[in-house]
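In the two assemblies presented below, subunit A is common to both, partnered first by subunit B and then by subunit C.
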Partner chain A sequence: MLRVEDLYVAYGDIEVVHGIDVEVAPGEVVGIIGSNGAGKSSLLRAVCGLHPARSGEIRLAGRSIIGDPTFRIARAGLTYVPAERRLFPDMTVLDNLLMGAYPQRPAPGRVDEVVALFPRLQERRRQAAGTLSGGEQQMLAIGRALLAGPEVLVLDEPSTGLAPALADEVYAALRILRDDRDLTLILAEQQVGRALALVDRAYVIEQGRVRLQGTAAELRDDPDVQRAYLGIA
Partner chain B sequence: MAIVLDGIVFGLQLSLLAVGLTLIYGLGGVLNLAHGQLVVVAGIAGAVTISAGAAIPVAVVLAVAAAAALAWLLDATLLRPVYRLTGERRVLLSLLVTLGVAFLLDGILITTHPFTALNLSVPGPAIDILGVRMRSGSVVASIIAVTALAAVLAFLRLSRFGRAVRSVIQDEEGAALCGVNLPLTRTVVFVLSGVMAGLFAITQGLISSVGATSGLDFTILALIVTVVGGLGRVSGALVAGLVLGIVHAVSSFYIGAFVTFVILLGVAMLTILIRPTGIFGGGAR
Partner chain C sequence: MTAPVPSADGATPSAATCRHTTLRAYLPVAIAAAVLAAVPLALGGSGYLMSLATTALVFAAYAIGMNVIFGSSGQLFLCLGALAGVAGFTSVLLADDQGWPLALSVTTGVVLATAIGALFSWVAVRRNLGVIFVGIVTLAFSLVFTNLVQGLRTLTGGETGRVVDAGGAALRGPISSYYLFLGVVVGFLALYRWLEGSRTGWAWRALKDDPVAAELAGVDVARARILAGTIGAAMVGLIGALFAHHEAFISPTSYAFAHVDVRVLIVIAFGGIGSLLGPVVGAVMLGVIDEVLRPLGQLRLAVYGALLLALFLGFRRGVVPAVADVVTTWRRARTPSDAPAAGRGTRASKH
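And then the complex of A and B:
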């Protein structure tokens, strides 16, 4: 579904991603894990066209999307939810959701389906997005992305800045999405334990390179992963 | 009462003038210092068409089209490199580029059409409104302004594309992630601002006149309204236009037209000091 080959990303003279390969099959749930500053976000921002790649290839459903503007990649079916969420603060929750479906009108009942996944949003439909709590904003950001009807949903640090209880709530919704086999899910996360409990497979990114990859179970049992990310001595 | 009504008439024109400027700024961080010249180009185009013997409606359409076409040309050429920058650098480069365009257009128009001015007089008697006799030109100008402003507001509030425009104003990256074509959105809004500038030239032609040297005045007026209303806030520009229109009328009548500009600038300065995000300013845009 998504294939990243030998991708290099730089900010000015500073290269932050040094030749990463990632492959995600349709319907798969894949984690991109690693600590803060490992290059996860740089990788994902290049994938969705927010930052140009220096070299490499990115294919979505077989078609090269490298160099395409973000809006075109979004319309091609890859929707990115950045860690900063990028909501429209003065617009209502409902308007934010409707923007997710842009340029189309959402299919009838689709808004209700998404809101059913995040009941907190239901009560706040007419409220400005900027007045929501951090957890609600994260839910709205994911909800807005779902309204695009993406084939590939890319989530960057959905638990960042959230109290554990709210992060649990977000992850409960992600578990429901995981079971939707039409949706390919890519999840970048530094809370590695949380991520490995959700994904089928993951890539461990360190200093801009893929250090390890494997199924969630393999990585959970890996002594290096346990020591570096799971706090197990 | 007559002064207040005069102020409202002028205020509506100010809102019409400022809405385009504030939309472009909100959308892309471009402060178009050639906005007044768009008005002048429309005015001269209208005047030239009329003196060539065309009917008034033809001249009106051509005038508005000229401003819209110029706005489109600006967006398609000189502003392309501006949009490649982000943040403060984009604002700065936009100031330099549009100021250059303003000087260039001023130079061309003042040398080629030094004595051309758009004057549209509406025949018919003065009309009685709230016991005040209004010139029919003022009434027609106000109707044009109200209609155009209502159309823009309806477009922004009710249409899907309008919602996309608002989303870009609030978060450019978020909008792109939702599939909004940023360059296309900017082009459409820039052309829209040209149309609004063209309509302002028409209403101004109905009330007084638009000549080759008026560009800078119009830009400054638009800038003041935009600052008082809050940069990038359309509803702010509407209210600020009306408020400043009344201030303008009152101070022109009691103090004198010469000082009025200073007073309007003073209002803008006070706004920046007291409410940096405009009279409606909350926290973030």
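And then the complex of A and C:
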């Protein structure tokens, strides 16, 4: 579904991603894990076209999308939810959701389906998005992305800045999405334990390179992963 | 996709409700048209007052153009006067010197102004210019335009300007020209309202809130911006050309930055940037202020500068959105608390 080959990403002279390969099959749930500054966000920002890649190849459903503008990648079926959420603060919750379906109008009932996933949004439908709490904003960001009807949903640190209880709520919704096998899910996360409980497979990124990859179970049992990310000595 | 526009509560309305909502969205336009159409009756046929009213309409129309360019997509074009002047001088030169029919000369002027506006938007998007840089580039164009007109004395009449022959009764008569410009203003308002509810309008709302988020949601931000610059420049060009033939005189002063851009900024800042009726309310207000300040002569400009400062620093929201908020709060206080706030957050919310 998504294939990243030998990707290099740089900010000015500083290269932050040094030749990463990632492959995600349709319907798969894949984690990109690693600590802060490892290059996860840079990788994802290059995938969705927000930051130009220095070199390499990115293919979505077999078609090269490298160098495409972000809106075209979004319309091609890859929706990115950045860590900072990027809602439309002055629009209502409902208008944010409707905007997700741009340039189409959502199919009848689609908004209700998404809101059913995040009941908190129901109560806040007419409220401006900028007035939501952090957890609600994250739910709205994911909800808006779902209204685009993506084939690949890319989530960057969905638990960032959330109290554990709210992060649990977000992850509960992600588990429901995981079981929908039409959706391919890519998840970058520093909270490695959380991520490994959700994903099928994961890539461990360190200093801009893939350090390890494997199924969630393999990585949970890996002594290096346990020591570095799971706090198990 | 053929699904109808979802209503504020997310339910899918029937086709009848949809049409009802659409018509209601144009109600403010119809009311404004009716009120403005009655103005000549109230002014009792005074030629002087009619000319003031017509000038107010001209500035309302400029301001609607600015609302499309700046209010919708955040591009600070400081060359409205120059764009209007390009269309004005082009049309006058073609009609008077080359003997072109008026409709054709005006159209050519508008096309030229539109092309220049589109070019500025395109450059701004390509070079990723921020608000300030768009302002600087377009302001530079204003200066170039003024100097060019003053320099090409044989064609333009230089600083003193030249008399315009092409015009005709409809453009020159005090009453007929008022209704002509009223027609343009109402047309612009209807177009603005239609754009607001269109896909393009949604794109503008989104990119004004957050361009990156808009791009992530699938909005072609570059296209939406260029479209705003193009449509707005066409509006400004049309008014600029018609104004020259209406006045029967053209000079760089009519299109000077201080004369057009500063006033238009006051009009939209006062009326409310991005509000439908803001330009009309602001232009009427400006007309009144103009009259009150008449005894000050050249000093008026200093007062306008001060006014612009005060508006942008202290009252950027504008009078129309402020009044709309008061009305909404009042209506909400009258209805039970769980009733939906009147039209808030829907496409028809801005009056």
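Heads up, the rule we're going with is that the second predicted complex is superposed on the first by the 233 of 233 C-alpha atoms of A that agree within 3 Å, B and C clash if a C-alpha of one lies under 4 Å from a C-alpha of the other, contacts with A are read in each partner's own complex, and residues count from 1 in each chain.
One rule holds for everything that comes next: contacts are C-beta pairs under 8 Å (C-beta built on N, C-alpha and C of every residue); 3 or more make two chains touch, one makes a residue touch a chain.
Because the structure is a prediction, the values reported are computed rather than measured.
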{"item": "Partners on subunit A (subunit B, subunit C) - clash or fit", "value": "clash"}
{"item": "Of subunit B and subunit C, the chain that contacts the larger number of subunit A residues", "value": "C"}
{"item": "Partner chain in contact with A:88 - subunit B first, subunit C second, else both or neither", "value": "both"}
{"item": "Subunit B versus subunit C as contact partner of A:50, first or second or both or neither", "value": "both"}
{"item": "Which of subunit B and subunit C A:107 touches, first, second, both or neither", "value": "second"}
{"item": "Subunit B versus subunit C as contact partner of A:115, first or second or both or neither", "value": "second"}
{"item": "Which superposed partner A:144 touches (first subunit B, second subunit C, both, neither)", "value": "both"}
{"item": "Touching partner for A:75 - first (subunit B), second (subunit C), both, neither", "value": "both"}
{"item": "Touching partner for A:99 - first (subunit B), second (subunit C), both, neither", "value": "both"}
{"item": "Touching partner for A:125 - first (subunit B), second (subunit C), both, neither", "value": "second"}
{"item": "Shared subunit A contacts, counted only where both subunit B and subunit C touch the same residue", "value": "48, 50, 69-71, 74-75, 79-80, 82, 86-91, 95, 98-100, 102-103, 105, 144, 148"}
{"item": "Contacting residues of subunit A [partner subunit C, same complex]", "value": "48, 50, 69-72, 74-75, 79-80, 82, 86-92, 94-95, 98-100, 102-109, 111-112, 115, 125-126, 128, 144, 148"}
{"item": "Complex interface listing, subunit A residues touching subunit B", "value": "48, 50, 69-71, 74-75, 79-82, 85-91, 95, 98-100, 102-103, 105, 130, 144-145, 148"}
{"item": "Subunit A-facing residues of subunit B, complex", "value": "160, 163-164, 166-167, 170-171, 173-182, 284-285"}
{"item": "Contact footprint of subunit A on subunit C as seen in their complex", "value": "1, 3-6, 8-10, 12, 199, 202-203, 205-206, 209-210, 212-222, 340-341, 344-345"}
